[in-house]
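Going in written order, the chains are labelled A, B, C, D and E, and every chain counts its residues from 1.
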Amino acid sequence: MAASMARSGLRSASLLLRGGAKGRAGAPTKRSFSASAHDDAYETAKWEKITYAGIVTCTTLAIYNLSKGHHHGEEPPAYPYLHIRNKEFPWGPNSLFEKKHHADH
Amino acid sequence: MEKEMILHSLSWRFLTIAPCDAAEPWQLGSQNAATPIMQGIIYLHHDIFFFLILILVFVSRILVRALWHFHEQTNPVPQRIVHGTTIEIIRTIFPSIIPMFIAIPSFALLYSMDEVVVDPAITIKAIGHQWYWTYEYSDYNSGDEESLTFDSYMIPEDDLELGQSRLLEVDNRVVVPAKTNLRMIVTPADVPHSWAVPSSGVKCDAVPGRSNNTSIFIQREGVYYGQCSEIRGTNHAFTPIVVEAVSLKDYGSRVFNQLILQTN
Amino acid sequence: MPIATGLEREELEAELEGKKRFDMDAPVGPFGTKEAPAVIQSYYDKRIVGCPGGEGEDEHDVVWFWLEKGKPHECPVCSQYFVLEVIGEGGPPDGHGHDDDDDEDH
Amino acid sequence: MAEIELKTAPADFRFPTTNQTRHCFTRYIEYHKCVAAKGEETPDCHKFAKYYRSLCPGEWVEKWNEQRANGTFPGPL
Amino acid sequence: MSLACQIEGKFPFFTTLGGGGLKGGLHTTGAKWFMIESQRHSYHLVDPSPWPISGSLGALATTVGGVMYMHSFQGGATLLSLGLIFILYTMLVWWRDVLRESTLEGHHTKAVQLGPRYGSILFIVSEVMFLFAFFWASSHSSLAPTVEIGGIWPPKGIGVLDPWEIPFLNTPILPSSGAAVTWAHHAILAKKEKRAVLALVATVSLALVSTGFQGMEYYQAPSNISDSIYGSTFFLATGFHGFHVIIGTLFLIICGIRQYLGHLTKEHHVGFEAAAWYWHFVDVVRLFPFVSIYWWGGI
């Protein structure tokens, strides 16, 4: 919980830097620490903004990340500890995420 | 001063009797110490035993006294004492001090047993197989293949000569020089084993994939018997270990002849 | 009034009125003596009561006992006196005594 | 009947515990790195050879030699 | 004014023994349709329920079926899948009953709410220990790599994921959904039910995106679970974390539906609180594998 608060605190700070004036700086005076309904409303709005900031960051990161494509590594020599099969699985040589067929050794 | 005298005369008298380096019928105590480590183990046993006797006597005294005081006829109405903070503090603090006194000698011994000897003279590898031991003396070979290796099988009961002990004799004994630092490398070829010689206080587990090191310094020449101490299948009980400590000169000649035998 | 039903609703209603529908806290009061025994309120004719003993030094492990209407009880360890005050409907607590509609015989 | 000169691999401060597996493995790798670097019969390579021969069980050495032969030796050679 | 409310049978084969428990008695006789005088104690004496036994039978079928399947016995696979289906069914109907007892019948007074509250906290603590065990295994084998894998980490020939590609991308998504679930929580506290539903939808969609990326990462991973100790510790630690993300997502979907149906109120939303705690646990746990396995373990 603490980590996500810290992370989102960080992001809303960055939101401020990017000139988003509607963030935390505008309303410290209004904020009362008793758990009144009004406080909840303020918290709700704040966390809503943090979530949107998170979504924006993630989408930009995703677009940048996925645009770089994925390089396919070459087949390593058959080390004794790779593709360990003391006894074949009931569902055959490949496993859930293993699309390359390993030569049986 | 006269303590040494008594000890000396006593040990003089015992010298004539051969020290027991193998399991004996109706044996209660541990075998005689052949190495300083085993001597340390015996001393620790005596230290702890001293405290045990004290505690045993004290506890049985309290037990009998309690039975006496809560006896139905002699004291029908029990006292209503439920708490006693001072006695409670005493009976918790004091019993926790005793183990500290026991811990000091035992830790000292424990760490000295795990010492890796700084400059061993000989490295012998004991490879545990399912139901026999192989020994490799590879300090003297030049190529990868010529190390002096031999298997050591138990002598079955029906080929035993007179005077040999049952289930303890082997065809090829491990010949080691006495009074020298040995490094035993113990490792298995298949399943976990354990290389143990009680009189030298050694029990070194052979774990697959790990070469386990134990250092031995045998003080006197003689034949020492041990057995494999890690369950490993049907003939687990029939894989004894026999260490023969000989003088440095004999060791040289014995190993050298075997080496010649081996290589050509 | 928040949306609720059953026991939860009764609890919330009592809470709104400032009363306590389920009073879970141990009663607190002066040390009960023979003349001024400690009064324990109960909805039924008898209730299990635990006596924790007096203050400070003569506090003892809680001794549990049944306290019944009309039978004051003295704590065996610290001899504190307890008496039951029935504030509810009375009758045995497990509801076997006088069931209402179906069997009228006893 | 020449006198056998008692000499074996010295204890190594890098492996102070009873587990000498990596000691044997490191000596084996040092030897083969030294051979790769300086060729076959140089004295200090020979020294490493003697160490790993006295430390490593024969079976391990055979297995590693075989792995090196068909290029599947996992060690950092 | 005690609300007369009807206790219908929860399971057609069983006749209900006692209604709302007149005078707190479990063993009142006859079916009481009206609660004339509600019970004096605040506890909830649960009606007899078949789900514990059906759950354990399902578990038995799953384990025995699993062993038979892995040893390729005849019919092992069917028994395993039957067992799993039976466990899922039991979970579904058991928790449906709990929702009925709490939201629809109002048995969950403040004292009763402590049960699920402490229960979920302890459950999360046990999950922490569960995942901690796998991280321990991963660091045990990576801190002192054995001789068999060449004494180096990662072992030679193991294709290692670049931590700064998808793994790095996946790391901020979970905390963002963590922020969304906090938004939902405050929306509930501020009685903004509709906003809370939107917040929960945001949380769940972010969670699904994160699981999607995790699946993509596994699909593109050059090594797999049977590639030495690296593969097994990597896939066990990250795999079980992913599995817990999926559990959390299901939990949040249920909370979203309940929020939409109006079950959750400002005073009583224990189900949502448990889901939020679980989700924050899953958020925070994500940071450990990223640092120790992807990043440090991949250098």
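The definition used in the following text is that a residue touches a chain if its C-beta (ideal position, glycine included) is under 8 Å from a C-beta of that chain, and two chains touch if they have at least 3 such contacts.
Just so it is clear, the structure is predicted and the values come from calculations on it, not from any experiment.
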| item | value |
| --- | --- |
| Chains in simultaneous contact with subunit A and subunit C | E |
| Separation of subunit E from subunit D in steps, with touching chains one step apart | 1 |
| Furthest chain, CA centroid comparison against subunit B | C |
| A-E compared against A-D, more contacting pairs | A-E |
| Distance between the centres, which are taken as Cα means, of subunit B and subunit A, whole angstrom | 58 |
| Computed distance of Cα centres, subunit E from subunit B, in Å | 53 |
| Averaged-CA centre spacing for the pair subunit C and subunit B, given as whole angstrom | 68 |
| Cα-centroid distance, subunit B relative to subunit D, in whole angstrom | 31 |
| For subunit B, residues that touch 2 or more chains besides their own | 209 |
| Touching two or more other chains - residue numbers and ranges from subunit A | 77, 79-81 |
| Set of subunit D residues in contact with two or more other chains | 21, 74 |
| Which pairs of chains touch, using the document's own definition | A-D, A-E, B-D, B-E, C-E, D-E |
| Subunit D to subunit E touching residues, read off their complex | 21-22, 25-26, 73-76 |
| Residue ranges of subunit E touching subunit A (in the complex, touch as defined) | 69-70, 72, 76-77, 148-149, 155-159, 165-166, 168-169, 172-173, 175-180, 182-183, 186-187, 189-192, 195, 199, 202, 206, 209, 213, 218-229, 280, 283-284, 287 |
| Subunit E residues within the subunit D interface of the complex | 146-152, 155-157 |
| Subunit D - residues contacting subunit B, complex | 1-4, 6-11, 15-21, 23-24, 50, 53-59, 61-62, 65 |
| Complex contacts: residues of subunit D adjacent to subunit A | 67, 71-72, 74 |
